Amino acid sequence: MPIVTIQVTREGTKPGNDAVTADEKAALIKGASQLLLDVLNKPLESTFVVIQEVNTENWGWGGLPVEAYRKQRGLKPG
Amino acid sequence: MPIVTIQVTREGTKPGNDAVTADEKAALIKGASQLLLDVLNKPLESTFVVIQEVNTENWGWGGLPVEAYRKQRGLKPG
Amino acid sequence: MPIVTIQVTREGTKPGNDAVTADEKAALIKGASQLLLDVLNKPLESTFVVIQEVNTENWGWGGLPVEAYRKQRGLKPG
Amino acid sequence: MPIVTIQVTREGTKPGNDAVTADEKAALIKGASQLLLDVLNKPLESTFVVIQEVNTENWGWGGLPVEAYRKQRGLKPG
Amino acid sequence: MPIVTIQVTREGTKPGNDAVTADEKAALIKGASQLLLDVLNKPLESTFVVIQEVNTENWGWGGLPVEAYRKQRGLKPG
Amino acid sequence: MPIVTIQVTREGTKPGNDAVTADEKAALIKGASQLLLDVLNKPLESTFVVIQEVNTENWGWGGLPVEAYRKQRGLKPG
């Protein structure tokens, strides 16, 4: 009966994408559910996964909105 | 001072609706607040209710996005 | 497939109790699940309820830990 | 490594704004991160801040959607 | 910069354990972080994982505390 | 009516403390509530703050439980 909540920024993380794709979401759901089965023997059908996409201006890191922080530190999106 | 968070898929669950309606949201708020009053004596004005609607492609069940899982299992939305 | 999260302070709210009792928890679970069935036609077996009890020193209201706020305002627990 | 989640209604709270502005979001991020540094010595770069904006019809207070509750009580947005 | 929150009941799920073990927690953390790297190219060091253990009497399924629901349905813990 | 949730590891962050103290919690509550007043004009009495303390073995960073990650990277608690 686990619940896995995955919070990520609403942006693409591979070239040519500007958002998390439906295929990537399906892969996150499959992988998270499988992880709970492998580690804790939780049946796939008893796990819920919720993906929350957060606009980059709503995500803070280092005291700054994340895009400003990445620019300051020379980081790629991630 | 309770906080009740209700997470549901962003879809209609009655014929002819394709989303949770304002009336249904008001009924969830009223019912959840009344429940805390009935069971734990919490005054209505000290309870917050937050409804989070989640796109169906962001909700996983059985290792699949929920619409794929329902199709596989012959389940209705719910 | 809803998820209902109920956050309350870890304290009794009826005379003679110093905690939320197992019976009160069962009543919260029953009522919240029934609410989703009544309002959105969600089957009981597809709703998860999670109750989170929070120590009073970890709950803030009015800029103060909740027990200090209640004392300042002459409020009963709630 | 703290995580600070700030949930607010999706509306303006100063004259002429109908939403939380990017500058206000940046101020929330800066202030919350600084608070964790000041109180618990957490380095700025180890704190995440997530701002969640909630539509007013999805936020309940006093057993009512918040705009109905404010009207009933003669409260300003807040 | 993802955040993965894993909520599970506070109980053992393998013979002889009565709780989630430190090794199982480490495996959940490793697997969830790797998943975000594999699917969305998120560097390991930018992912936080938070495991929340919930007492069984605080977890509801099917309108009942989970242990009562499992007994009614003849389900194993999971 | 904002809700501010602050998640931190359950450990002391100043010499001689092995936990977040009641005074530190009160300072977090005061500061977070004041921040919402300063930035968004939210009255103190309409803000809830919830502090969640997470055991270090339940917090992951860099694919590892946080204490293992800090040791690997030569980081202080934070």
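Just so it is clear, A, B, C, D, E and F label the chains in written order, and each chain counts residues from 1 on its own.
Here, a contact is a pair of C-beta atoms (placed from the backbone, for glycine too) under 8 Å apart; a residue touches a chain by one contact, two chains touch by 3 or more.
Per UniProt, the chains are A, B, C, D, E, F = Putative tautomerase.
Everything quoted here is computed from the prediction, not taken from an experiment.
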For chain A (Putative tautomerase) and chain E (Putative tautomerase), the contact-path distance works out to 1
In terms of mean CA position, the chain most removed from chain C (Putative tautomerase) is A
Per the C-alpha means, the centres of chain B (Putative tautomerase) and chain F (Putative tautomerase) lie apart by a whole-Å value of 29
Per the C-alpha centroid definition, the whole-Å distance linking chain A (Putative tautomerase) and chain F (Putative tautomerase) comes out as 22
Per the C-alpha centroid definition, the whole-Å distance linking chain D (Putative tautomerase) and chain F (Putative tautomerase) comes out as 17
Touching at least 2 other chains, the residues of chain F (Putative tautomerase) are 1, 3-4, 7, 28, 32, 48, 50, 59, 61
Chain-chain contacts, ordered by label, are A-B, A-C, A-D, A-E, B-C, B-D, B-F, C-E, C-F, D-E, D-F, E-F
Residue positions on chain D (Putative tautomerase) within touch of chain B (Putative tautomerase) in the complex are 7, 54, 57-65, 68
So, in the complex, the side of chain D (Putative tautomerase) touching chain A (Putative tautomerase) is made of residues 4, 22, 25-26, 28-30, 32-34, 44-45, 47-53
So, in the complex, the side of chain C (Putative tautomerase) touching chain B (Putative tautomerase) is made of residues 1-9, 13-14, 20, 24, 27-28, 31-32, 35-36, 38-43, 46, 59, 61, 66, 78
Residue set of chain E (Putative tautomerase) touching chain D (Putative tautomerase) in the complex reads 1, 3, 48, 50
